[in-house]
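So that you can tell them apart, the chains are marked A, B, C, D and E in the order they are listed, and the count of residues begins at 1 in each.
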Amino acid sequence: KEWKTVTITLEGAYAPWNMTNPDGTLGGFEPELAKYLCDHMKVECKLVASDWDSMITSLNAGKFDVIMDALSITEERKKIIDFSIPYAHTHAAFAASKDSSYTNAPGTGTVVKMEPDLSGGKDSVEAMRTAFKGATIGIQAATVYAKFIYDNFGDIATIREYKTGAERDLDLETGRIDLAFDDAVYLNSAFEKANGELAFSGPEIGGTIFGIGEGLGVRQSDPELKAMLDDAIKAALADGVVKELSMKWFKTDVTP
Amino acid sequence: MWLVETLGFGQTGWGGLLLMGALMTLCVTLAALLLGAVLGAIVAAAKLSQSRAIRTAGGVYTTIFRGVPELLIIYLVYFGGSSAVTAIGAYFGFEGFLGMPSFIAGALAVGLICGAYQAEVYRGAFLAIPKGELEAAEAIGMHRFLRFRRIIMPQVLRFAIPGIGNVWQLSLKDSALVSVTGLADLMRTSQVAAGSTRQYFLFFIAGGCLYLVLTSMSDRLFARAERRASRSMPAGIGQI
Amino acid sequence: MAAATRLSVRNIHKSFGAHEVLRGISLDAHDGDVISLLGASGSGKSTFLRCINLLEIADQGEIVVDGERIEMTMKNGHAVPASRKQVDRIRAELGMVFQSFNLWSHMTILDNVIEGPVHVLKRPRAECIAEAEALLEKVGIAEKRHAYPAHLSGGQQQRAAIARALAMKPKVMLFDEPTSALDPELVGEVLRVMRSLAEEGMTMLVVTHEMGFARNVSNRVIFMRSGEIDSDGPPEELFGKGGSPAFRQFIGTFGK
Amino acid sequence: MDFPFLFQTMKTLLAALPVTLGLFSLSVLFGGFLAILIVWMRVGGNPILSRFARGYIFVFRGSPLLIQMFLVFYGLGQFGFIRHSFVWPALREPFVCAVLSLALCTAGYTAEIFRFGLRAVPPREIEAARAIGMSGFLLVRRIIAPIAFRHALPAYSTEIVMMVKSTALASLVTVWEVTGVAQRLISQTYRTMEVFLCAAIIYLVLNFLILQAMALLEHYLSPHRRAAAPLVPGGLPVSR
Amino acid sequence: MAAATRLSVRNIHKSFGAHEVLRGISLDAHDGDVISLLGASGSGKSTFLRCINLLEIADQGEIVVDGERIEMTMKNGHAVPASRKQVDRIRAELGMVFQSFNLWSHMTILDNVIEGPVHVLKRPRAECIAEAEALLEKVGIAEKRHAYPAHLSGGQQQRAAIARALAMKPKVMLFDEPTSALDPELVGEVLRVMRSLAEEGMTMLVVTHEMGFARNVSNRVIFMRSGEIDSDGPPEELFGKGGSPAFRQFIGTFGK
């Protein structure tokens, strides 16, 4: 199959990965990266915004061809869609309100790399368990982070699941919860909005424990498209475009 | 100043997008209400029918479309409808996916639900018509359709106006769920704006206010219709 | 008895639950007949009229209007009219004035009166309005023609109901206590109208408690008792010395 | 069909049913009381209270529940004086907030429904009650409320069913009821249709039972509308 | 005129829109008075009764029941009763039988009758039931006590309405055409009941078209015309040779 035009979807409401400008156009890290990828593949790209909840179902129903929405590559998702190679890889971390008793847990400001079996970070997890005993931790439901928190903190803390990170952040500010655990890049941008009320607590967690990063989602019946996208991403990584855009939008390097 | 800028119509203002969203919500709801009126009348007639089978069919319709969560119905119509269209397309030799336009899918789904509610409204209104007045119509030999047109319909409308007003409000808000079909309605636009700017309260309140503007306009319309329709009524319950 | 038989009712039975209200009523009415139907309250007079135009379905019996027998079939163990068309046609020839008036509350008095002629008989509207106004004039409520039923006095509503029935120019009229809410002057007026209709050949069945009417206007009196016809005959005879003891007791002081 | 998966899904969803039922019953209960209060203010004759009730109904009927719930749960906490007041320990709790916003919302709708019921009470029957010296609460309790409630019942049962479905929004405030759990399952397994179908069956059964109960209540409350004898089996005694 | 004045009405005016229905009616009724109110249909008889127990608020005038003046105040340019309590108390002493019966459709006949005594007068239920059954017996519908109003004949409904009003044992009864739907035998029966009530000292105001009643039962006859009292006097006098020409025309044949 010849690909002349490709329709790429994103939510358009997940700043700074992707967002909508007041004039209705899409902006952010991903739209700019998409432009580079499409130029490289020499295809015409159409960016459309769509609802997060129905995104994967819609992809398989043929409503569009590619999902580019900070979609983590996971085993479950691989069962029903294909992924390109990752174009970003972010760390995860705890955030706390600055005036709470859970701030500045040991390791704040450092990065710990862990494998899925925790190897490489068992000590930091232990340290955090001691520091966060009795806290209420807010997480976004059905994320890779949820499983990590349940497995390692379920017995010492109260866990509350939110449908979106934004709602959880609001509760973190009002003090309904003491800690939030999420993507560090995402949290960083939340801190900006919170006027310095929030800060990281404990180390940033990297490595492969939360997967290999964020990739583009495509239908399993479109292997040619996947190959084209893989090529383009490799080129973008090699050109340093990803790093450049990352520094622009995230103020940190998310290159995998 | 900052508020005016964020919600205004300038370069950095979200006013235009929000208004477009409100317009989309209005269009989906209007289309759904019209479709629902037709379905509702048919289903109400079925539920009032002499035949037990037809009555049961009407009952099944209203139970399902009132009883199943709206979101699922929208999913079913949108994705189920698309696969049906695709299958039909394949039969005629079209390759690949054929979509059901988002607007049609959304309006169809909300219309199906709205039809179930309207059916109940019409049924209730029919039962409120004084029995004697129907007998009087029969007694001068009005045939069924004529009786329906001249005696039942005007009175059903009279009794149903507040109920239709209620259904309108419900549908206005059910239409917030059509965003899963990719339509940029008012609710989704508010959420997109909130997510893009992280001004959650600002945009949720703005969206809520726009909904209130929509309902206040329709409220006024329904109130006028109600006043007109109840000219012939005695004073009502007056002072309690 | 040379006049044609307009209405013929054979052996009508009707029960409400266990209560048998009509136990075999038969009756023949000819052109120009004015038949008074007398009987104690609750003796089934209204029910009988309602059975004739099929507002109640008799459990048993036969109704023939103008030589045409109303066909019945059985459905789910109940007798129902076989043809709706036939019923509608016959009903248009049977006028009815209800005991409780049953005016259409959403229409003005004038609209109530022209409704049947315009929409059932499909006659020109202007013509019907002219006739309706004449009728309303005749019963003395012309100035109320644009009022709604809820704003009329009891007697005014009753006269509107009479005008509505007459506007259909039926061949047979069924009156259910048409003068109950009227003052003596109006009673005289309405009786005059009815007498002139009888002279024009209309057949009338009148349920009444007005002995003056039964005696002076009707040419036949039927006295119902416990769902059966107790006495039947010309008024001179019944009010003279004919009629059963029950009838004599019923008319009480009036008979003396 | 993947029956083991469906079975497992059903089991997971049913585990959340008590939460749904709790949200539903508490909010219908409180919403009902609140609605009565609001109707009383609305028709009671005091212009200030009436205006307030109108405003209340307008706002809570006119804006999406999603926004209301968001503002109640996340919005109230933004105010320092609320966070430091005696209500905070209660408002801190997601379940309390969910019930509160569901009840506030349904009260607006229910108030309108009850008001339409009031309008259907025959003025003549109210007059008869006044004429024997009834007024105020006695008149309402003995004559107006029974007739009005009977009239409002079809619309009210619709509203109750709506409430069952509205509880689905509570997952927004971290109360994980059936729909929320279903959505979580979907984002873990991506088997949208199967999971939603299971959820739909739960809601359908629940709502079917509720509608059936309401129909029974309707039947029980309207002996005066039925034919004297059970001669017309289930038929409509209005016209033939 | 030694008997106490039970009801005194002064100069009542009432308009509906531009139509002035009552133009200054005054009336005094004493213990045991039975006053017949005659008048053409639409002359304002029902409106007058409804003004007395404040179902319509008169535009002008004064009502005194049992020596107690009903206080009025102005509100938004309309006269309204000053005290609801007073109105309720007075209404409980004023019985009313409506022209259109107005039975409560959601209650059985028995419940209709005991409603007032039990819930307004707060008398023991068992006692009220016993009395109600005696009353229903008296008007001849005891066997219908568990039926709903919609299942009764017109005359039965009217008798139920009479029983309901009597069950309150009011000091003053307002009857609006209480025998319009009754057969002569029952009319005689009801008149007998009313006569015995009068003998027990009840004051009655009876709108009627029954000249026999006006002449034989009442001790005073009032003839209303165009919203004013045209003739007023004892029946012997009016039905003799008193009364205005309009009254003579009104009673028509009956007067002869």
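Quick note on the criterion: a contact is a pair of C-beta atoms (placed from the backbone, for glycine too) under 8 Å apart; a residue touches a chain by one contact, two chains touch by 3 or more.
All figures in this text were calculated on a predicted structure; none of them were measured in a lab.
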| item | value |
| --- | --- |
| Chain-contact steps, minimal, separating subunit C from subunit A | 2 |
| Farthest chain (mean CA position) relative to subunit D | C |
| D-E against A-D, pair bridged by the larger set of C-beta contacts | D-E |
| Greatest separation from subunit B - chain, by CA centre | E |
| Subunit C and subunit E: spacing of chain centres that average the CA atoms, whole Å | 30 |
| Rounded Å distance, subunit A centre to subunit D centre (Cα mean) | 39 |
| Centre-of-Cα separation between subunit D and subunit C, whole angstrom | 49 |
| Rounded Å distance between subunit B and subunit D, as computed from the means of their C-alpha atoms | 19 |
| Sites on subunit A at which at least two other chains make contact | 53-54, 57, 167, 170 |
| Residues of subunit B whose C-beta touches two or more other chains | 75, 79, 131, 135, 138, 200, 234 |
| For subunit C, residues that touch 2 or more chains besides their own | 16, 54, 100, 151 |
| Residues on subunit B engaged by subunit C in the complex (per definition of touch) | 130, 132-133, 135-144, 146, 150-151, 154-155, 158, 231-234 |
| Subunit D-facing residues of subunit E, complex | 53, 55, 84, 87-96, 98, 100, 102-107, 115-116, 119-120, 147-151, 164-165, 168 |
| Touching residues (chain side subunit A, partner subunit B) in the complex | 11-15, 19-24, 48-51, 53-54, 57-58, 61-63, 166-167, 170, 189-190, 193 |
| Subunit D residues within the subunit B interface of the complex | 43-45, 58-59, 61-68, 70-71, 74-75, 78, 109, 112-113, 115-116, 118-121, 123, 126, 136, 139-140, 144, 151, 154-155, 158, 161-162, 165, 168, 179, 192-193, 196-197, 199-200, 203-204, 206-208, 211, 225, 234-236, 238-239 |
| Subunit B - residues contacting subunit A, complex | 11-14, 16-17, 20, 75, 78-79, 82-83, 86, 96-97, 99, 179-182, 184, 188, 191-198, 200 |
